[in-house]
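Note that the chains take the letters A, B, C and D in the order they are written out, and that residue 1 is the start of every chain.
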Amino acid sequence: MIEAVGLTKRYGDKLAVDNLSFQVRPGAVTGFLGPNGSGKSTTMRMILGLDNPTAGTVTICGRPYRELPNAPRQVGALLDAKAVHGGRSARNHLLCLAQLSGIPARRVDEVLGVVGLHDVAKKRSRGFSLGMGQRLGIAAALLGDPQVLLFDEPVNGLDPEGILWVRNLMKSLAAEGRTVFVSSHLMSEMALTADHLIVIGRGRLLADMSVKDFIAANSAGFARVRTPDTEPQQREKLTSVLTEAGAHVLPEQDGALRVTGLPLPRISDLAHEAGVRLWELSPHQASLEEAYMRMTQEAVDYRSTADQKAGLMQPLPPGAEPPLPVPGQGQPGWYVPPPPQRDERASAPDTAQSSGTSGRPAAPAEQPSAPVAASAADPADSAPSEDAR
Amino acid sequence: MIELEGLTKRYGDKLAVDNLTFTVRPGTVTGFLGPNGAGKSTTMRMILGLDHPTAGSVRIDGRRYQELKDPLTYIGALLDAKAVHGGRSAYNHLLCLAQSNGIPARRVDEVLDIVGLTPVARKKAKNFSLGMSQRLGIAAALLGDPRILMFDEPVNGLDPEGIQWIRSLMKSLAAQGRTVFVSSHLMSEMALTADHLVVIGQGRLLADMSMADFIAQNSQCRVRIRTPERERMLDVLHTAGITAVEKDGGLLEVEGSRAERIGELAAEHRIVLHELSSQQSSLEEAFMQLTAGSVEYHAHTGQAQQTGGTGPAVVPAQPVAADTKKES
Amino acid sequence: MTTQIIRSEWTKIRSVASTVWTLSLALVVTVALGMLVSALTRHGFENMREQDRLSFDPTYISFAGMGLGQLAMIVFGVLVVTNEYSTGMIRTSLAAVPQRGVFLASKVAVATALALVVGMVTSFLAFFLGQALLGSLGTSLGEEGVLRAVIGGGLYMALIAMFSMGIAAMLRSPMLSLGILMPFFFLISGILGAVPATKKFGQFLPDQAGSRIMQVVIPAGDDTPYGPWGGLGIMALWVIAALAGGYLLLRKRDA
Amino acid sequence: MSTPQTPLPQQAAPPSWESGYTSPIPVVRAHLGHAIVSEWTKIRSVRSTVWTLGIYMLIVLGMGALIAWAIVRVPSEFHGSENPLAFGFFGLLVGSVCIITLGVLTVASEYGTGMIRTTMTACPSRIRVLAAKAVVFFLVAFTTTLFSAGLVALVHTALLDGTGARQPTGEEWLRGTLGISLYLAMLGLLSLAVGAILRHSAGAITLMIGVVLAPLVLAAFMQVESLEKLRDALFDYSIPSQMAVFYANTGATLRDSGPSGWDSLWIILGMTAAAFAVACVLLQKRDV
């Protein structure tokens, strides 16, 4: 059980964590979400007594971390997988941690087996990949067989096999009655692992609820309907029928329809009545990612913008011809850097009326924040498993 | 275009990369997959001329990396986000890279803006989170506006907003006709981003095909049907020679047939459907299937660890590691 | 091509704090110690022994801080090179500049130029301030050999930095490089040069040979087999050897 | 099974399901002993520390052997009433660089690698970590020095025996082995504390080497009589001269000024204690 009360941390005049109060309960996997810079790591560090809070307290089983009689036996943490002396072997790294809290050396070999590092136990951790480092970090967290576990981005660098393993590991740790607190940016993973969510943004608590409630509160499900590709008139017919019945219908890229506002059997009945044959009729729960994006929109710190590429344009002396593109770089279908142009921004008054395009090349600008991705969520990803429950 | 031919790298007597031949083509996002220790990073380092191949060669647009003049304008790479001098500011880090390849300094401000790091451009990289470092690394890759881009685990440490951004960035880069080569362990991400896949295991090429082909080849397609007229549906399916399996909750599952066909059958017999969805295996399942034999660091599955006097339930070991999962 | 790499290296060098720290420390320590010793010497010159007065070298006295100041120069040279390795930046750098020889040459050239400028400023400052404090005992640039010694002081500092860079390029680790260079210059070289049995060998070590150029008055009974420029030449040979070793290893190794 | 980790009354009250999982492995209260064992593992499991120690012994023994060889070749030069153990001094002087490096690395390398966060998480009592590091380092440095210096001293006295040199007195033995070993171990502890204060390996080593050498370099250039006092003070209290005090002839104080007898040990003890006090305060106050 982790309990934070009014937790606050100030760095200079930046408030990293602002009056945060929450509880992490045993027996469930609690996800800890938030955009970069929202104060997740700082909170974790304060839980572990690495940083001193400016105000407020955080306790584990009723005590501040630094007052626990034998902290690693009660709390296991994976903070930064690379926080290891590279010259020390995996086994010795764990051994010195075990000795620090009086854990027998046998236990070291056990956890090495658990994380699958027994073959490289005697190798120096400098040569480890990020995934192996992560496994070593998980081993260190499990070392004391603690009742509270904290993981910061546990699947970072793991391969798919490892990701699957961590997913199941966390679930079973929680099933044993332990408190499992996991921070992650991977919504698809979180949807599969966590039962409960704590979401923060700009250091403040945004949500503290179960995953199901969270998705339900922050998004709407929809139905995906597909009619025979060969007969577009069927699709139009269905669209008008459904719209009449009060549904909201959006066409999707692959020709399917995205229907909100009507239950599946009703859609089926309407299609039947209208004589429309269905090729697909599948329920879609909005993904955790969509729900999360909706909630944290305002709390994002580092936003990306489009690529202007003006910086690549060499300012040429006035009157000079822009050089021709290098021959051989213009193969069809390949990307060709836009030819250098005169920098029009240098003479501002002349370009006042065409300021919208000044300094911008002809090449298509990237649209990084386009919401393509969210709607194209993999059907096999999280939706079916949600549905199956 | 990146062309690998017979690329081999040997460390001592361990063959990290073994006679790898494939081509990464422009205009698509090519995913580069493989379990840990499969040789992905080594391959990427050899593409960039950082490691010398034991045998074989890599060509970037037909040339060896060492022969490229101003290589950043040909190929931009994100290898290790934390490979930055901590005491240097983000701006200066990019500036020294830009200068080494004759890229004007204004471009630095631009790429900083693209990745959204402008507010912290003058801050020391030491204090950056992994996500911010990752953005800095992506900025470095975009610096020379190159025709080839290579990303190693680009979403590592990015927050969901950043993940969505990099996803669409890679797609739009490919749509402009660039070559985009991405390695990642996150199958759900790959499924959303990549069009083509190159899969290696233990240094050898396992697959080089399109995403759709890959999933089709390494998995089975299932169709889920929910209908109030279950018995009739079963009959119809049976006469059509399709075997359906009854699942709990009135659900029918069909393997080896397409949803379109079943939809037509239902319409023909005027059967009302409450659900008709095809359950494609995820890329993750397909990948697990393919690479089962070449995983190097298997998590321990047994309960054999109760050796010491440390008592029972020492360890929450998982009987549900890869092997059991993919058979289901 | 090369100019843009040099500009890039210049950005790298000026944008880290360790450059400013080490170089300003080198300047301050050398000049301050030289001034202190010069002031103290003037104060008590009358009490000196006759023999010491005869071999009194006002130029060399003002360079008293060089022994400690070069410590900072060594750290500078080592950090310039090993920073790339300890941070992993080397991979980014070599991906941007695959021509490793050009890369190393540009890095060494920029760092040496900077070290030379700082070394010259340090040397001249130490000389002028030292002479000012020595007052009537002091000498001037016009005297025979003095200008050579002062310019030599600057060259010496630059060469020390270059030598450190060569060693660091071979060893790649800052701790290892400093761990070898510091005891070498401060203890081993000193002991080998002082013990009669090893003196013949010791005087050919880089710092001993190189620092010869800063002496104007040769002490009586000195039997060093090389002159001021000869000594600097010997030091330059060491530097070339170190850099060549660094280059060969860089070319051969995987980054 | 009742919860073994029930140190708090309010924790004992709720039934076990509320506190969730309970480990079957009995929980012991962690103490300094555990930390010391752990630190010992840390020191012996990293190659760089083992190497530094190895080089240290190599230097001390090697220079001792070099001098022994000189004794055998030209025994006549080593007559007189000088302390026959004094030849061990040179090796230890050079070796002190290794001890400083090792001391700094014991703490600062944890900061360099980020290992410190893991350590502090595993043992939230920061003072305990520092104390354990100090104890382990002190014992390692002390025993290695004692062994090497003792061996060199034995060889030298054996070789000098019969060349006319006198036998060292009991106190000279004591100071030339035990005393100097304590001194060097304390010097290493000082470096360790400086490493904990600066948290930067290269910086701390440079500073410590500067501390060792600066007074000597300064003193070397003060050739004037009026400054003799200052020069002598600088010279006498420089770390190498303080080390040399342990090899001075008993009774016959050559100089009236400067430390003598066991003074050096008290001086370095004071410096180290002060440095540790600062390190402890900073460690408690700073975020890791």
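Heads up, the rule we're going with is that a residue touches a chain if its C-beta (ideal position, glycine included) is under 8 Å from a C-beta of that chain, and two chains touch if they have at least 3 such contacts.
Since this is a predicted model, take the numbers as computed values, not measurements.
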Joint neighbours of chain D and chain B, given as chain labels: A, C
Winner on C-beta contact pairs when A-B is weighed against C-D: A-B
Intercentroid distance (Cα basis), chain B paired with chain A, Å: 15
Rounded Å distance between chain C and chain D, as computed from the means of their C-alpha atoms: 30
Euclidean distance of C-alpha centroids - chain A vs chain D, Å: 49
Centroid distance [mean C-alpha coordinates] between chain C and chain A, Å: 52
Multi-partner residues of chain B (each touching 2 or more other chains): 82, 310, 313-314
Touching two or more other chains - residue numbers and ranges from chain C: none
Junction residues of chain D - those touching two or more other chains: 23-25, 48
Touching residues (chain side chain C, partner chain D) in the complex: 33, 36-37, 40-41, 43-45, 47-48, 52, 61, 64, 67-68, 71-72, 75, 79, 174-175, 178-179, 182-183, 186-188, 191, 197
Touching residues (chain side chain D, partner chain A) in the complex: 5, 7-8, 10-11, 17-25, 27-30, 34-35, 37-39, 41-42, 45-48, 109-110, 113-125, 287-288
Interface residues, chain C side, partner chain B - complex: 1, 4-5, 7-12, 15-18, 83-84, 87-99, 254-255
Chain A contact footprint on chain B (complex, rising order): 1, 26-27, 34-37, 41, 73, 82, 103-111, 113-117, 119-120, 129-132, 135, 142, 145, 147, 153, 155-165, 167-169, 171-173, 176-178, 185-189, 191-192, 224, 226, 228, 259-260, 263-264, 266-267, 270, 272-285, 287-288, 291, 295, 297-300, 304-305, 307-310, 313-318, 320-322, 325
Sites on chain D touched by chain C in the complex: 48, 52, 70, 90, 93-94, 97, 101, 105, 201-202, 205-206, 209-210, 213-214, 217-218, 221-227
